[in-house]
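First chain written, first letter: the chains are A, B, C and D, and each begins at residue 1.
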């Protein structure tokens, strides 16, 4: 193994640079292997937009947010497909590719592997909704940022005797809402896996209010109240393909104020959850994933992705890894709901 | 001077508790003077909702966000007026009152003083738009929180080659935008004091893009582009009297994307700017203001507010202090604009 | 089950209050069970220093550092022993006890259980050196605080071309050094499980220096260089039973400066690692442990402690849990050492 | 004015990079003036170790700690002196020099100006002890970092009923101790400007203890108790010219424990106070100073340094600026001491 490629695809996620650094250092130091970086995900591979990644180019980047390689949502399979990727491999003399990305990227990696190309995946989603790994890097940073922001909202709620609503990320799964809500001591956590009626939410709010608390509601962007046709547009449905500002947080603000008579304010935390410095937890996890991805490549474990299981990093077949979203299980939701009172 | 009242009125602001603590400790230790706290601002004084504030009740509160006394927007002059306030003074045996609040509270304090009541004001606005004081407490915390959030947005912008727009607070003045924008290295800072056209904003954005940067725009909520009738509703104009989510940030997101062709994303930082722990700067400033307010009371300087001038805390006549908003002066804006390039 | 006791013993650790809150809320809401808190660990139980813990007493405490119950190092077995504890149970009408503490407390819990008393343990050590649980709460916060501090040291090292040494906690095991060192990108991580010579450390330092870097060394307090009789006193060995300031950090400062000729500075991070707000990760873990401890009590699982296994919280027999320190395994050290270059 | 030089000298200080960025951008954009950077302070000028500083080289650096130019303690006057500096000016075609540094650098700048060279100073000291400016950049960051660390120590003190001692920087003046101590709510603040006896310190400690508090003492490194020949070595006096670990914090730990019988722990915050990201306050102040330094050069105000006065940045003659240390005035100390109780 003499040369590997590496690319980062899909949404920004704290820790991506630590994966790159871990891979490049392990490659050079342990395996004597050089790295080429492709810019803006698969686009760089398809369009031969490539930069060498010697050791000094990854100095000190593990604490930097974002990705030094840039990213895009280009899908390699729909842009000329496997042949162009194969040509990219050949042109750059690659023995294999480390692809850091979400479900789309991992599915593409699987397809490429089935066509004989050598790819290792590194799962990346702040939403933590990928099966086969206990946690994805970036999730801890998103939860920490959301929790700090919600801590701030709480003091305003208490001073003004308001109900505060915080809308956090979570397109399919409520992991960020569950963890940030539990960490911040929310009086209601609303996630798509466990729909409840607005009446139930209002009841939780009034219960907290009745105990003299300023009610705090944490809601995942994809939550829909039972019996409501979504009259709001969740992330991604805007004319321009941009996040709607008038999502579920806004709906709750209006409805809860009407239903409870309490002054209610929503804040949409938005992009601050996915940018910025990773937590130490994510830096360690991401660094280990980067190292493990190169080890997997060196061991010829193509067609796997590296995953966290307990405290170990292990390669997992992409076949097994894909397919099912990891949703918040009922018992985890009920555990958190204990605290709603 | 044996007993003083204290109340906090208007919007939440980091540092309020440090003012309360500074006043109570200085009162008890230096002047042998006890404190009564009124709950939820003037409402507590009008409705006799009052709590004693012995020394131990203010333990460790200077780092806590919000206000332990609660707040409201009750205006004492429009709720039965001066006579009810006077009755409240008498009922509680007050020698004077420390009123912590914004322009409305300080104007009420002036009116009450003109009717013979003894009041000292402590200016409170995160917007920093009050004349007669170099800075108001809470402003530094708001700028720090906004800057950290904008730092996070920047990494997303750079990874995705997007234009990022951050909407910050500032109902009348652009101080938070000016400072947070300068601290975060924004490519355009938009404040109500200095209207520019959307074409100018787009030109700044394209200039940054042309230099290979991910354009970063920081906008105060009250900014209106030149030649635009505001088609958006700034803070406070909603049917429910709540902040609009679809304000200037949203407008810029749509317009800049159309005008520049760059993917553009807006984030409305909202309430996280006014909650949570104060910075050390604000804790020191607020503590000093609390001590100085009691000193002013002990010296019979009724009808003044305490203000920061350079590194000194001085009493300033409320007549002088009120009347003019402190806007961002032209030279400060031009100084920052140097960096837009 | 109508009434449980709860106590916190041993060193301060971020997340203790979240355990207390989780237990009290789960007890009251799910099991209809009241809580008594004993002050300063086992001392409160032996001396009947006890406070009721109704729901409102644990409001908002999960983000507060330290423990609202106080702590001490009192050992119940050496202070009159099992009989006094049994009397304490009877006097307070306890159905069982939740004991939050380190190895000493868990060993005491096991002994008490073997004598017929009903105790559930919650493991607490920032050192993360307890077997039978993937992570202990408090560890993530300690690593985060240490990492942020080391990030600060790095900039000084780079500006002055110095070698910076950071001494972190770790009495028996090098977990904090391993994780904080990996997160901060250290050029050498020194842990007691993997002794190396000073020559090796100096070689790593010179290697980093040779690549134009400011060398960064992270050392666990209990590390002893191979071939060195410890001429320094690790944590706890001072005349007063206090942490020595002149520990391994200081030794490295002197020796590395002499051996490499590079200006070298050591910082002993000390107590800042164990105080202050827990991270969101620790708040979630600690809350879940508190809930699970009460569930274990309700299910009569006396003599167990609650532990993290992957993403699950499970009860583990104290017999199994105690006995072996969880040291950093060789493969984890080698994984990190890849990055030393 | 076509070309300016810039250098950074003396100890690391958060905000230095923001000064560099502000100067380079203002130079290029406003004045059409290029910049040369000298590496490691005056050494780079004397030894012609120089790098061009085009605009893109200062991208995004204002939030980075340390200095991209490196620093040293080289004194230009004692290394061949004015003639070598003059030669450096000529060789690089400099119209003038921006020198960012502490008292030594500013004194050198004054001497160089008196010999006909064109220099503008930018004052830099985290100690805030320089006259003629209200605050120096870096000070706010140091106070914020120290305050956060002391907040952490407090929770340990409260949990263990200990007296906690935090030793902060301050070689001549107690500004960091004063501000961080006030922000953290210390029960005693000890600064060199206001010596007190150990008996007085112990009395403050016992007074806090008597009120049920965990005593918190913040001490500047240069504080000496009245009547004590310093048996400890303050910063800088070590054999190797390095900070002593066994300074005043250590002395207080031992003495207070003996005098009060309370378990006492000292933490020396050390270098973490001067590294890492600047606060927003310092980024704004430093950026403005950088811009103002170039303006001063463009206006031919050689021999001045730029200073903060109220909210304005003004040039001040170096003659006036130097000479007297800015110590904590008696009234500021007494104001803080009110809170000791």
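General remarks:
Simple rule for what comes next: a residue touches a chain if its C-beta (ideal position, glycine included) is under 8 Å from a C-beta of that chain, and two chains touch if they have at least 3 such contacts.
Predicted, not measured: the structure shown is a model, and the values here were computed from it.
Using CA-based centroids throughout, the chain positioned farthest away from chain B is C. As a whole-number value, the distance joining the C-alpha centres of chain A and chain C reads 29 Å. Separation between the centroids of chain B and chain C, computed from CA atoms only, is 40 Å. Chain centres here are Cα means. That of chain C falls 34 Å from that of chain D. In chain D, 148, 151, 154 are the positions where the chain touches two or more neighbouring chains simultaneously.
Every pair of chains meeting the touch criterion is listed here: A-B, A-C, B-D, C-D. Of all the residues in chain A, the ones that touch chain C in their complex are 21-22, 25-26, 29-30, 55-56, 59-60, 62-63, 134-135, 140, 143-144, 146-148, 151, 154, 179-180, 182-185, 211-213, 279-281, 283-284, 287-288, 291, 309-311, 335, 338-339, 341.
Only residues 8, 12, 16, 40, 64-67, 70-72, 145, 148-149, 151-156, 158-161, 164, 240, 242-243, 245-246, 250, 253-254, 257, 263-272, 274-276 of chain A touch chain B when the two sit together in their complex.
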